[in-house]
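We call the chains A, B, C and D, going by the order they appear; numbering starts again at 1 in every chain.
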Amino acid sequence: MKLFEHEAKDIFRAFNMPTPSGGVAMTPKEATERAAEVGKPVVVKAMVLAGKRGKAGGVKFADTPQEAEKFAEEILKMRINDLPVEAVLIEEKLDIEQEIYAGITIDRNERKYVVIGSAAGGMSIEELAEESPEKIIKMYVDPSLGFQAFEARQMAIAMGFKGKQINQLGSFFLKLWKIVEAYDVELTEINPLILTKDGKFYAADARLNIDDNSLYRHKAIIEKLKREPVDQNERERLATENDMAYVELDGNIACICNGAGLTMATLDAISLYGGKASTFLDLGGGADAERVEKGIEIALMYPKVKAILVNIMGGITRCDDVARGILAARNDGDITAPIVIRMVGTNEEEGQEILKKAGIPFLKTMEEAASKVVELVKEVA
Amino acid sequence: MKLFEHEAKDIFRAFNMPTPSGGVAMTPKEATERAAEVGKPVVVKAMVLAGKRGKAGGVKFADTPQEAEKFAEEILKMRINDLPVEAVLIEEKLDIEQEIYAGITIDRNERKYVVIGSAAGGMSIEELAEESPEKIIKMYVDPSLGFQAFEARQMAIAMGFKGKQINQLGSFFLKLWKIVEAYDVELTEINPLILTKDGKFYAADARLNIDDNSLYRHKAIIEKLKREPVDQNERERLATENDMAYVELDGNIACICNGAGLTMATLDAISLYGGKASTFLDLGGGADAERVEKGIEIALMYPKVKAILVNIMGGITRCDDVARGILAARNDGDITAPIVIRMVGTNEEEGQEILKKAGIPFLKTMEEAASKVVELVKEVA
Amino acid sequence: MAILVDKDTKVIVQGITGGQGTFHSGAMLEYGTKIVAGVTPGKAGEVINGVPVYDSVIEAKESQGANASIIFVPAPFAGDAALEAIAADLNPVVVITEHVPVKDEIRVIHAAKVKGITVIGPNTPGVITPGAKQKVGIMPGHVFSHGDVGLMSRSGTLTYEIAAGMTNAGIGISTALGLGGDPCVGLTTIEAVKLFKEDKDTKALVLVGEIGGDAEERAAAFIKKEYDLPVVGFIAGRTAPPGKRMGHAGAIISGSSGTAAAKIKALTEAGVAVADKPSDVARLLKEAL
Amino acid sequence: MAILVDKDTKVIVQGITGGQGTFHSGAMLEYGTKIVAGVTPGKAGEVINGVPVYDSVIEAKESQGANASIIFVPAPFAGDAALEAIAADLNPVVVITEHVPVKDEIRVIHAAKVKGITVIGPNTPGVITPGAKQKVGIMPGHVFSHGDVGLMSRSGTLTYEIAAGMTNAGIGISTALGLGGDPCVGLTTIEAVKLFKEDKDTKALVLVGEIGGDAEERAAAFIKKEYDLPVVGFIAGRTAPPGKRMGHAGAIISGSSGTAAAKIKALTEAGVAVADKPSDVARLLKEAL
């Protein structure tokens, strides 16, 4: 679950991490009030769960409350990365001495949390990693001891800080770690973490992603946020509700399969035969007829879809169940695009029998099926 | 810091640990109200930070609110172990199927937390350890992993529980561990933890001691309790405020020394010569003149004191500082009992010079000093 | 011979009384797996598929002499179940459960590492050694035939697809191994290659990877230096867009890292024949052997 | 020879810029201790008593080649400082600080144990080896003279009292060691006895104990079985009442355990000559040697 910047900053403040003064506004009028409260030049930022909002025009500096209102109005109307801007955050514009990067994420090779810092913040860590990898300091967290205060200070030292800034910046890293531990955070970034001209550190930005698998442990915070995850469109939300993995792509063939690896391989096969997939839809293990029907329904809600490829490798999933699901979808008139079916494995013969009786054709290999669906789309176009 | 039972139970409830219904009362009238709210027979318990309050008459069962009021009135007037009863706790009288012991403390040999349980609760764990040690189950907590749910269940299994009670009791132990971790608890006991006839577990009692050295980490809870540690008399409190170790004993000679080991050894030496100490007072390391004077002042507040033995082994503590402190106390007229001084080590000669000039006698070995002070007391008596 | 699971493997099924545990313990027993006990706290005395149920792993182990565990308990309790298996020195510990919080995974993996225990998964189909008729997992046993090719993969059904293709082509498997679809898993790709290297009955490898992380690149570096037998690879997700989780929590391209192209390049440079389609794997194996 | 501290010991003083750190680093230097660096985060570049100050232990160690640490930082930060010293592989780590939370002590002791590092204390006067003119601690150096008797104790000034008595009687010390007055300390009594047993220049032991716990009983059992040289004991707190902390957090009789009587009995049965008064220790040593 990705938190909005202002939500993340509420948590930061609960851990005594300094953030710029200001607050969130849902309307241009509220933005004026927030800016007036700050009483200094402010930054107006789009609250949207998408990266690169700065480049999309979602961050503006305003010298007066009136200007803040104007920018808030503009920004609140925007969509960034196909997502609506939910609110704006009005914050004091800081007097910047230095922009710093601070983050914690999980290193999948080490199977450890890794704390990352750089004195060259402001740009994305990926860009920084390409341009100046030597400027990135990484420290792995011992799984039995956790991240220690002395290690947090070592981060600051390695980043080139001196004197009391070692303790100040170390304290920032330590608090960030405590937040990671407390909230099952899988990725957090403060970029930039700002050192002001008068020598203070502030979390000027805040990214905080909570491990979705851990949300059952954090009911209090979800309750407090009073919202569901919002970085999804209607189809994505529907798929999540039905516990299906669903990703939209640029092509026009919807792939409905069981298993993530098989679904990816199916997408790839379509590409090999010159087609382009529109949809990654993994039904998961042991899908029954109803689930198959639901999957077809969700896939067809996406306007780009011109054809469907169902590719099932029966293991726990039984081919007869899949066949019944397809049949039901057809009988309900849900299948509004050409469909190609490939289905092998558990109860393969029973499933094929059902399809045969219903006059629905099916294929035996995924290569045949992929090549067939690409052909169909070409005919439709 | 020892918490009162009702304070400990507030924490238990915050961790979703079932406790009997009821509440605390400061007056007999409040006790009636609490009992009426419970609406069933209740137990009226003295809130006092002393063991064996049951044997002292501090726990009574009342069938009606009127009876509860009467018992509350009696109990609120009591002193148990020389401490006033601060309040009474009125709680539902449970329908007991079994009394269980559950506790967590620190094992000083293993340098680990140890979880302790017994299906034979109700009596003190020390008595139980003597009578039926085989009924006590102990499990050490791995310092890097902490106490795990499966270990908590193993406790319940080893204690002889079966079926869903394994999970229920396991959950009790796990919550107790989480409290220990969250609040730097050095000792907690639920004795008895009651299994009711309808198959539910309740923390019927609650003992919770927080490591005094960790209190700086728990300001929120201390704030919430709105009290200072209360299991001390005025002299003890004064010594604590002045960061001195102070213990009152049955004899009549106050020992004022530097270092806990030396102070104990001085007490023992007095006993060897046929005397009895009234006071253990360890000034700590590096005591200055003011501190020595303060120590003498506190020691003499205890009415039992008939003579004082100051025994200083100068290391960080300087004998001249000690001499100046004694001199100041004498000059202020604070020394109202015979005093014997033994003082060696750092700046020994300067210190002795000061005492000599002031006409205050001193001795060179602790044996001489101990034997001398015992003589003095005999003369006084 | 094989790796991880063989005829001497005696398995405890943790969470045997749940739907998944009951269903798959039945399927495993049918395949031939030696399941000696099940564990569900509070349900000691029950019997599932003829298997006695205990309250704790240690009781089950001590009563029945088990040496491995497979875990079907729900995600919130899976980490605890794995720690219980590790504490009882079962090895390997196969965690089928999906959606285990990554913080729990890290704790489990670290605890296992300290004791030298292999954790497979979480979010894995498990391990199967067809020659010993032992599967500790949820894969359909009939698609795996006995032979001398080791198969490892980060995904389930894709593994079955490739195994079925191999079986149809008359190529058998020594051990097939699901590594799990999560970013953090116990046994890593490179560790699996090392295990197969030590197994004298494995004469070739199939490495099925997917986008996300650089486990395949690391394995490729090892293969280039240390592994002399034929290896055929397949990488799923060539057409996956960056920044999207493709079903598996671990299948995500972040920035320029974790792409199929990079993995295919690394494997090719290590002398691995990389298949374009799952069905090419069997053909490339035949060419290589 | 001696134990823990000798002429090759090169010490880092953590918290050197604080009052205690500055005062005692001066006293240690005066005694002859090789202090090579101090550490106070944020104060790199300062010089205290001629000793250069660094921001971190690792920097201090790498710059000056230290191998031991003494810690004077305030209690809330002492656990972190000890973990920093342990991470930098300094050994021993002497924690002078009093009032360290026991939870922190447990973490530190465990972390050290995993790496085979000796932690002395917390709440200890430290270690002194008079023959090498090295003290890593706060004891007054002049009361300890060089010789072949090992001295260990759970208290400070009582140790000085006994050491002074030995010095006056012409008995010298190989190494004297404060174990610390807290219930949980790093180096335990029995471990100290074992270290002295391995030291061929220690010909006899003085074991100064006090009420609380059963460290002395455990050491007595070991001495009975494995230690053949003379041992003289002293136990403080014979007249202490149960249930009261006698100054040290660890000096408390709980129920019937931790009494002086039990300790004296165990030591006597192990062949240890137990002194009635501190001044008897030197006499008993003379008789034994």
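What we mean here is this: a contact is a pair of C-beta atoms (placed from the backbone, for glycine too) under 8 Å apart; a residue touches a chain by one contact, two chains touch by 3 or more.
The shown structure was predicted, so the numbers you read here are calculated from the model rather than taken from an experiment.
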**OP:** Chains touching chain A and chain C alike, please list them.
**Re:** B
Subject >> Distance-maximising chain from chain D - centres being C-alpha averages >> reply: A
**OP:** Using the touch rule from the top, work out which pair, B-D or A-D, shares more C-beta pairs.
**Re:** B-D
Original post:
Cα centroid separation between chain C and chain D, in whole Å?
Top reply: 51
Subject >> Interchain centroid distance [CA atoms averaged], chain B/chain D, Å >> reply: 27
Original post:
How many angstrom lie between the CA centroids of chain A and chain D, rounded to a whole number?
Top reply: 55
Subject >> Where chain A touches two or more other chains, by residue >> reply: 144-145
**OP:** For chain D, write out the residues touching at least two other chains, lowest number first.
**Re:** 107
Original post:
How would one label the connectivity among the chains shown: line, ring, star, complete, or other?
Top reply: other
Original post:
Which pairs of chains touch one another in this structure?
Top reply: A-B, A-C, A-D, B-C, B-D
Original post:
In their complex, what parts of chain C are in touch with chain A?
Top reply: 75-76, 99-103, 105-107, 109-110, 114, 125, 138-140, 143, 153-161, 164, 181, 183-185, 188, 208, 210-215, 218, 234, 236-241, 244-251, 254-256, 260, 276-279
**OP:** Enumerate the contact residues on chain A facing chain C in the complex.
**Re:** 106, 108-109, 111-113, 126, 129-130, 143-144, 181, 184, 186, 211-214, 216-217, 245, 247, 249-250, 257-265, 267-272, 276-277, 280, 282, 285, 313-316, 344-346, 365-367
**OP:** Using the touch rule from the top, collect the residues of chain B that touch chain A in their complex.
**Re:** 144-145
Subject >> chain A to chain D touching residues, read off their complex >> reply: 145, 148-151, 153-154, 157, 162-167, 170
Subject >> chain B-touching residues of chain C, taken from the complex the two chains share >> reply: 41-44, 55-59, 77, 80-81, 83-84, 87, 107, 111
